[in-house]
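Okay, so here's the structure we're looking at.
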């Protein structure tokens, strides 16, 4: 279980249109560009805040995994306005997993996926 | 716009667990294995019916695209029980796109993504 | 079950106000007026696209039946924006059924019903 | 607007299967059979409580009208478990309207409609 | 159970900002200020209509109780637009309970609670 | 804004019935009883995990505030199964605020409120 005090990491997820399609980029709290990948040395939470520059009314609806039962990520929470999503690692099970952000948009009824899976690494 | 009569194609999406993680396979109406890729020679709809063999309470929540604004797929419809999802091509805009299925599960709050993007091809 | 290729039929549902109340009319893909009734000679799907001219913010919420368990219609799917609804007949069980469209509106908290039940006929 | 004290009327809506299809009947608080029609001599509310004997997991999702903008019924409220629905007449606008109950079921993705429209009469 | 005709009481709930925070006040159907407390001499329903003067997009999401299982209030119904909420007492179980309104807002993802619990009294 | 690494605090919220009504108690990650109050010395997130011992099917639906616009708490995120709720302080605005947990239950359509407001303190 999480130590009483774990680590809270924060990223901003900026989505812009390039040739009419969404492009994702990540910055940390100091606005420094990062990959968006996470290494959990502590148990803790990672907060992603959406910065939608597409004009397509994007909202987070969840975080998608090809291996959702590997136990690396324990839970996902979402704000009611779809602007914040948080990934929780409660127990630091060692290993790696990958995920893609899943978003809705107001222009059509297709969901939007971030392309490059974000890597989560929990070292032993 | 769709000809008054277009083509309705049907696939079954079977999801099973292998080493504890979801594996997706596709069959057509005759139970013949297929890739799940689609070629729209007509405008029409493609219906995917979920056959969940994982015991993890899977439900379709949508269809995700890296390029959701390319106009190849016009809309997605979903049944209220999450068991059927339909992709609609109304206008046969030529080109290619790819998608992944997005599903919820009852074991945890992570979303499930099918791994190999399904290809949709609309020839000229 | 559905032949690998069944028939996809498309209708536009136009709703206008007459004396302040909704009036429903139906056209096919060539904009030819039709009754909106369906005859399934093939298994397949019927797609209804909403053309809301009332200014009352209409959205499809479902399709309502007096005899929902007669097995003529197997499932209904709905787009997340309430603009498209699809009726699926997977198995061509012979017989007749009727339905009314059910819509929400943004002017009040009453649901809107289309009046004349649409007939679905599946000949032997 | 509603007098500080208006009238609260209560009905039970029993749904049973006859030949596999839903049949609706109405009783008042004394379990006396009634038509389910309402006459508003006062402003007030009418509460309908669902008594589902079909085994199909019925829930109220709303009340549907062919003439939803006639102002006879001002609003509809629904309990989160779909077992109670209330119709509100705040201003006793004289006139008549009709409605059908709209319910979801757990056996399929079709909505259920009560057949014989219930009449609401607001005398001058 | 409710007498066929019980009492329907109506209140308007006005929410304004004072020093940037919500302040709740209550009036009856004659616009006379009241406490918002209820005494059920009859079984019946109490209707609360929201009058949001905050500019923060308030909507009722429910009614909250510290003692939700005391049986004084039997059910709560809510309009789909979050503007009306109704409290139902079906059986006049004697006793007292208290509640706070729970509302969402469009400015942030926190819920809003009315401060002074409203008292419901059902005399023997 | 949050330092790239802030603090993630974790609490378990146990709800039991006493005399038929919910009673809330709080423990930290070491299962040590705590008040549930929070002091944010860092920016960060606080995670509350529900331990429902009532048998009433409780789920978090949000966090309620009498002063939701005081800026002390910036956002709330919720897991789709209602078992985890997270409070986010991004900017350490100094001051105090209070909140109550808001939960739904499966026994009735009333919401459940925790009684003693939890205090959040952000020292200068």
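Just so it is clear, A, B, C, D, E and F label the chains in written order, and each chain counts residues from 1 on its own.
Everything that follows uses one rule, which is that a contact is a pair of C-beta atoms (placed from the backbone, for glycine too) under 8 Å apart; a residue touches a chain by one contact, two chains touch by 3 or more.
All figures in this text were calculated on a predicted structure; none of them were measured in a lab.
Here subunit E and subunit F face each other with the same set of residues for the most part; over half of the interface numbers are shared between them.
Per-chain Cα centroids separate subunit A from subunit F by 22 Å.
Mean C-alpha position of subunit A lies 45 Å from that of subunit D. Centroid to centroid, with C-alpha atoms defining each point, subunit A and subunit E lie 39 Å apart. Each of residues 62, 75-77, 79-80, 83-84, 104, 108-109 in subunit F touches at least two other chains.
Shown here, the protein chains touch in an arrangement that is not a line, ring, star or fully connected set. All chain pairs that count as touching, in label order, are A-B, A-C, A-E, A-F, B-C, B-D, B-F, C-D, C-E, D-E, D-F, E-F.
Residues 79-81, 83-84 of subunit E are the ones touching subunit C in the complex. Residue ranges of subunit A in contact with subunit C, taken from their complex: 104, 108-109. Here subunit E touches subunit F in the complex through residues 17, 20-22, 56, 61-70, 73-77, 99-100, 102, 104-105, 107-115, going by the rule given at the top. By the touch rule above, subunit D contacts subunit E in their complex via residues 1-10, 28-30, 42-45, 47, 62, 75-80, 83-86, 88, 90.
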